[in-house]
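Each structure below is given as structure tokens.
Here come two complexes built around chain A, the first alongside chain B, the second alongside chain C.
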Partner chain A sequence: MGLLTNLRDSISRVTDGLFASDEPKRIGIYGPPNAGKTTLANRIARDWTGDAVGPESHIPHETRRARRKENVAIERNGRKVNIDIVDTPGVTTKVDYKEFLEHDIDKEDAVRRSREATEGVAEAMHWLREDVDGVIYVLDSTTDPFTQVNTMLIGIIESQNLPVLILANKTDLPESNVKQIANAFPQHETIPLSALEGENMDEVYTKIAEYFG
Partner chain B sequence: MPGAKPDVDGPGDGVRIDMISGARMEGLTGMEKIRLILDGVRDGNIVILEEGLSPEEESKLIEVTMTEISPDDFTGIEIETYPKAEATSQSFIDKLMGRQTTKKLTVIGPANRIETLHKDENLISTLVSHK
Partner chain C sequence: MPHKCTSCGRTFPDGSKEMLSGCPDCGGNKFQFKPRGRVERDEPSKGGSGSSTSDTDTAKATSTETPKPTSTDPAKPTSTGSEGVSTEHESQPTENNRTDTGTGVDTTDTKTDIDTTASDDADQTPVDPSGGTERVGKSGDEDAAQANARSDVVTPDELDRASEPVPAHDTKGPDPDSGDRPDIEELREELNEQFESIRIVSPGKYELNLMELYDRQEYIISLQEDGRYVIEMPDAWGISEE
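Coming up: the complex of A and B.
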């Protein structure tokens, strides 16, 4: 198996070199709803371009369309990586408009939001199969990571041979459990952070440059 | 008890479970597999796949499910597999290409009728409710 892995890696390195260009890499920010994807996308965009990507909210599916921030140039340890950030809607296998009613949203608006959310998730899945060069997978470190959506998405990302950086977000909360995230996906490195408070962003940027540069 | 009939008056009293073999799925295209699953689930059935779907098929299943969700009719699917796929029967080509085998028992049902109670590497426990 080691020989096969080495052979595959060698082929991958050669093809990567052949097709390398100065074009920005499209990095998709994926994860379940309410993991803090937009907060992270805004944090990265503000730190390196001064602009935000989109509105943040505690209501699930606030991001209902993939949003893109182009040409975000991140410099780390003499290494520069130019990326387009694609903030995607939280992936799920179910959307019930009645969940929006719990957030004081009237039925008409809730139905509209749920329809937009389903379209957004479908679009995010399409992006993942066709249009991203790497993935930042954001998880809420206060919740159980052993969900089917997480298992399936990591499997899909791995099957596409995309580089993936797993971030355990919301470390500012007392119930944060980064070890649980690391245990769920031991085949990948897990980086803790609080996108809201900006904690450990230095390491996040170092890893972005390392993984996607 | 041999010869005993189930105590049901009609289809509305029970939950239909379709257990689909790997052999049945093998001859189908990706879209045919997804149609087979979603048609069953939209009828209120629980679908159990002996060998599961590939990651790409799972991705398309999510995408197609999203396009079919409609208020007060279909709210999506609940899907469960064992967390780790069995990786012992990979072909040489699969190993070379880094592909994982997809042989993993998979349970799929309507989101409003199936609830996962417990899941680990060896057990999936679900609660199925009537319509």
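Coming up: the complex of A and C.
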């Protein structure tokens, strides 16, 4: 029986490998607003395809629709991983147009952005349920990760048995605290990086190949 | 003659199948329900027949000309008093096929038409239920599909409150203080209990129930400040494969 089991496992590994090489894995970049998801998506896309995914901004909810960059081929240690990057709107439980007023946006535009951001969150949650094979969860390492949204999303991802890579972003800022993120989710490995400055991207790519390859 | 075409004035008996694909005379798709023995009066939305672009205008026009619908109307959904987006209105499966009321007509348009008509009914239907007149929603008196469709729409009351710029009414709802709450568990419980996917606190201000958004098969792709929204239905809706 042991022989049969081994044989079956071997076949399973081979078929898994075939699927992995044929079809790109769809990797959703999730996280709260302003964590640096689009900056990371652009960094990955630029590094491996030369194109960007979408505009980056310090204004929250700049990404209000999921954007996808397909067939990003990442090579690491002789291993090639094909992924579709899905940059999603920041997930939150409350959207208020007043957030935008602080950024010199008039009320009418702020209300529209607020509505679109809400639609974006709905879309992101739907994609999480239906359309992603793995998740890169981006957190701002200068802020407290113990939030309802983070806990709930990580819980959902775990319940789906999706591979998840937790990134502690914005390590270029002096108030960055990677440790508090690692402590918040001890069941997962936390990778520090600065997507803006490109710090530690080598390790990020190695982990992407390892987790999603 | 309970059903009257608002364009040409042709009337149809209750349960008439002729009107299901529009008025045979003028093609109009707005009908007013007139219970028997009722005095005729002006319609609330003149010249609105065939228009599919004035959803909110129609609703507003209705609301300004007619008083709030009474809660005694059995055709109205009992949850009309609830705040924000109640996704039941569009996603709730019904016993009868909703398209019976507006074959060949854009769904949103159909809903608006029904909405207008329903509000007019509310205006004309006396509060006193003891009269010998017909009541909207009595299954024996009206075609069941029509009665059902009439009850399956966002009410003018709800639209009014969602489109008001100042959330004066909303703050009196079941969630009086929508500010920060110290206890996350309490907030979570509250979110789960009080509303479904998305709640419009006021225009431009939303609260989202992430678990509910995640759990839904269909997903909301477009919101409007008047409380309406567009959802994308899964292909296999109703088959329940998953």
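Keep this in mind: the second predicted complex is superposed on the first by the 192 of 213 C-alpha atoms of A that agree within 3 Å, B and C clash if a C-alpha of one lies under 4 Å from a C-alpha of the other, contacts with A are read in each partner's own complex, and residues count from 1 in each chain.
As a working rule, a contact is a pair of C-beta atoms (placed from the backbone, for glycine too) under 8 Å apart; a residue touches a chain by one contact, two chains touch by 3 or more.
Predicted model, so just to flag it, every value in this text is computed and none were measured.
Upon superposition of the two complexes on chain A, a steric clash is found between chain B and chain C. Judged by the touch definition given at the top, the superposed model places A:V81 against neither chain B nor chain C. Once chain A of one complex is fitted onto chain A of the other, the partner contacts of A:I136 are absent, as it touches neither chain B nor chain C. When the shared chain is aligned, chain B and chain C each come close enough to touch A:V95. In the superposition on chain A, A:I44 makes contact with neither chain B nor chain C. Legend: residue contacts after superposition of the two complexes on their common chain; A:N161 is shown touching chain B, with no touch to chain C. When the two complexes are superposed on chain A, the residues of chain A that touch both chain B and chain C are 91-97, 111, 114-115, 118-119, 121-122, 125-126, 128-129, 148, 152, 156.
Residue ranges of chain B in contact with chain A, taken from their complex: 54-56, 58-60, 62-67, 69, 71, 75-81, 83, 85, 95-100, 111-112, 116, 119. Taken together, the chain A residues at the contact with chain C in this complex read 91-98, 107, 110-111, 114-115, 118-119, 121-123, 125-126, 128-129, 147-149, 152-153, 156. The residues of chain A lying in touch with chain B in their complex are 1, 4-5, 7-8, 91-97, 111, 114-115, 118-119, 121-122, 125-126, 128-129, 146, 148, 151-152, 155-156, 158-161.
Against chain A, in their complex, chain C makes its touches with residues 184, 187-188, 191, 197-198, 203-211, 213-216, 219-223, 225.
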